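Shared between the two complexes below is chain A, which pairs with chain B and chain C, respectively.
For the complex of A and B:
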């Protein structure tokens, strides 16, 4: 295996609400390797973004609170690092791209200015001219035409795809070790999404950062990721390399997710089959069933899933790196 | 009666751009430009395109929620463009719409029962209390919601359930034609499949005709018998779904299909990546609007807009250099 740069161990994040404490992330373990992409998939409310925000140390507290676990970056637990020191890491060594390129840029500063800000904060040895040059270099790196001109423009003058490119330029300006991309292409059109994904792959080869790619689109996962973690109700339910996950998924939830995507072949011919679905909906985090969280929607649930012998654990399945949290794995 | 429930001929919608001190018209946007299509009874026509291509404007113009600038809309054999307000209201019983965002399209202060009863009240249907109650329960059953939903408020439901309420509301007046404007794009994958199945079941049971607008080609392809592709206000290709996927003639259609991430890591991915962004509709490129992003563009494409070519009876495209 290549170099491990980040390890999240047994992370638990809680939020205080009017109706009591909600555990948004419950015992998540992930590892990020240099030059590799880890995908985190799940439906809304499954805890994927909260996991990402805790790595960045950006969980709003209160109401949020990292209740347990460790996030090890370069031998240090990020959770114990004092705020001042964390500031030198955040945006510098661990960077993040958000879903909405419209709202994550500041409308009153030029895009050049916003890229420069990161450099001024983290690379104090650079002179003003160095920074200006670097801004142009970054803008052309992310494929923005006439970067000298674009650097002086404001976010509203750019299209959605261009703004997301600027976000990528900002996050990569300091050549981070880890890039967290939280649904970076969800708000974009498919043709623009294809451009951005291609760009991220190219930059990963150049810079060699590890990427945590959060998405709900399994198509994007298949294109981008080396390893995948599937989350459901704050827990990882299946983890494997991308080929194993798509070819031999063992958790009924993962299998259901993959099957519920319409494929083009299914429409060829006259007889249109119904789409396979996962019945019901995600249970409320405040009112999780005992035992397996997926039991009510699962076709394979038996008595053991109701928790008479405790909750299911994330365990190795077979000999490889394939882990699942299920009492009745698919064969 | 003809086979076609809806026929749209040369529909245009032009929005003025106002500027300057006195708000004079300084230009215009051709949001929908000379679009013609027909939908058969019981058929689903899919409508795809990137944001800003005019698909939502087209959908709303067909219902005259936005007044079209010119063109004909023939519904059930009658041109409805010149219908007055009262006649139009009557007609809307036959044509309904489901919107994209089920969070924004339901009144948060009304119970589901009232939301579903309102269209019946407007159209004077089931005025008898018992009959109405019966109809409300029937509607909930059709969209697979429990009967206790009647007294609940929209915030008590999840996104998928709210979309079911929106579908029930559209069904309340027994329409023939429903425009589905991105009905599943705000939903999670597992819920999306449930709603798609529901829409298909309802079509079979009630003989509905759909115009299905979405940017997700996979869903459109799945639900539609024919698919139309729009680019900058123009319809550039129409064909049967399987034909469009396997035998697209317009380079834009081909690029759109190849841009979709396929959920299969074993596939060898050879994709066409379009350069650049969608041009501004305020100032569209000369000739074929697609030529600045097209890898097959020739001089002809830069100077003249291509006419519609018939590949077969069901397959039309507008391109000088088809694939």
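For the complex of A and C:
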């Protein structure tokens, strides 16, 4: 396989709450490769964002705490890197964009200023004029028209899509190895969403960074990702390359997610069927069942899923790259 | 719209406000208020005496003339003479303003700077011991009555230790200093609790915003995030809070001035109420309103300098 830049091993993140300790991420293993996109899919609270924030070293502590595991970036465990040194990596080598383009930019500084800030921080050799040029270059790279003028504007003068482009410009200004995109298109309307995804793909080809793409939208995953990890209750339940996942998913949860994507012909056909859904609710992280976390919502659950032989493990299924955490995989 | 158009437009808004305020004052003092001559001369006054006083005070003129007088005084600052001491009112206010300002301004500046700085530090250590410690201090400072501070400080520092004057005032720098130190300290103590709590809340509101997360993701240090990103955003509510306090500085502090015998505007108002000096009260009402209008305008203009979003609205 191509260059592995980041490997997360058995990551465990806990949060202290009034009702005791909650394990938001429990034994997650992922790998990011140069120029490839890893999708992390899951419902709200499944631990996708927490995984991303741990890689950035941005888990708010307290109440959060990385309780175990390793995050290996270029041979070094990120979790052991002292804060000062971590700051030289963050925003420089590992960058992140967020879900809320409307609020993620500072309202009282111009967008040019906010892009320049990250350059001034990580590329000290640049002169002021170099930085100014680079800001314009980045703005035109992310497809913002008349960048010279836009650089002097404030975030409120830009639309949501434009702001997300600015966020991308900030994150890519130092040409990072890894870009973590935490639901970057969720808050945008569909046409803008398509443009932003297109832009990210184009920039990935140019810069060659590995992308961790967090989303709950499987449609976006199909378009963007090379590999996919499906998360449920802080654990990965299925991991495969994108083709395998869509064509031969083996975990009932993944299957349920794929089936609940509205497809065009089912609504046009003569017999209008109800869109399948996954019944029930995500169990509370404080009150997880023994055995498989998905048992209560699963149509295929049997006694073995209740945990008489322990919890299900993430195991190889068929090909090397396909892993699932299920006692009763679909055939 | 550029900033000058904005200021000009805001200045034009002032006129209707002044007309409204002067009308309210007119209703209060010249229409609703019971006949002031009756209060001043007592119940044994003859109708002739009352009529004479009414002419002297200008109360026999048509109401619209009286209203116009009030409106005019808002622009000329000519408030006539005191009904009681016969001194020129504007002169009295000018004389009273200086002693008030000698202790309110240092108190205000010191407490604002101190509480803002502590608020930044406390925001940095939010949820930790230092933060909780200051919250407790704030609440206890706010819970003790100002009278307790005044009496204790007078008794302990001035009487027992003899460090400062118990009460009184002398005009001119530096003679007033021994008289105003205790009032300044008490002013600081009284405002510190409120200020610190307000600034802390403002800082904490900002610290959990999404742009702070972005700033962290850029790799900026907490110090830069706090002093550059957070502080500039926090300035918006802070400016209102600070600027709106300024009129109160001119007004002085009623209790402090009374207990320390400082001949400031607080004392002037109390004396005027005691002696039914409606001329002074009316003048003070107008001046206070003007001060509020002016500083409101000032805070609006200052907004446009820190918040780029304001100008377009």
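List of remarks:
Keep in mind that, in the parts below, the second predicted complex is superposed on the first by the 331 of 331 C-alpha atoms of A that agree within 3 Å, B and C clash if a C-alpha of one lies under 4 Å from a C-alpha of the other, contacts with A are read in each partner's own complex, and residues count from 1 in each chain.
Throughout what follows, contacts are C-beta pairs under 8 Å (C-beta built on N, C-alpha and C of every residue); 3 or more make two chains touch, one makes a residue touch a chain.
Because the structure is a prediction, the values reported are computed rather than measured.
Following the overlay on chain A, a side-by-side fit with no clash is recorded for the pair chain B and chain C. In the superposition on chain A, A:313 contacts neither chain B nor chain C. By the touch criterion stated above, A:120 is placed in contact with neither chain B nor chain C. In the superposition on chain A, A:154 makes contact with chain C only, while chain B stays out of contact range. Once both structures are fitted onto chain A, a short way to say it is that chain B and chain C open up an angle of 70° at chain A, using Cα centres and rounding to the nearest 10. Of the two partner chains placed by superposition, only chain C is touched by A:103; chain B is not. In the overlay built on the shared chain, the residue A:90 is in contact with chain C alone; chain B does not reach it. When the two complexes are superposed, the chain touching more residues of chain A, out of chain B and chain C, is B. Closest approach of chain B to chain C, taken over C-alpha atoms in the A-based superposition, is 5 Å. The contact sets of chain A with chain B and with chain C never meet. Interface residues of chain B facing chain A in the complex, by the touch rule stated above, are 50-51, 158, 160-161, 188-194, 196-197, 200-201, 215, 217-219, 221-222, 241-242, 245-246, 255-256, 258-267, 269, 271, 273-274, 277-278. Residues of chain A that touch chain B in their complex: 43-44, 159-162, 189-195, 197-198, 216-223, 242-243, 246-247, 256-258, 260-264, 266-269, 272, 274-279, 281-282.
On the side of chain A, the complex with chain C involves touching residues 56, 58, 62, 87-92, 95-96, 98, 100, 103-110, 117-118, 121-122, 154, 156-157, 167, 170-171. In the complex of the two chains, the chain C residues touching chain A come out as 127, 209-211, 213-221, 229, 232-233, 306-309, 312.
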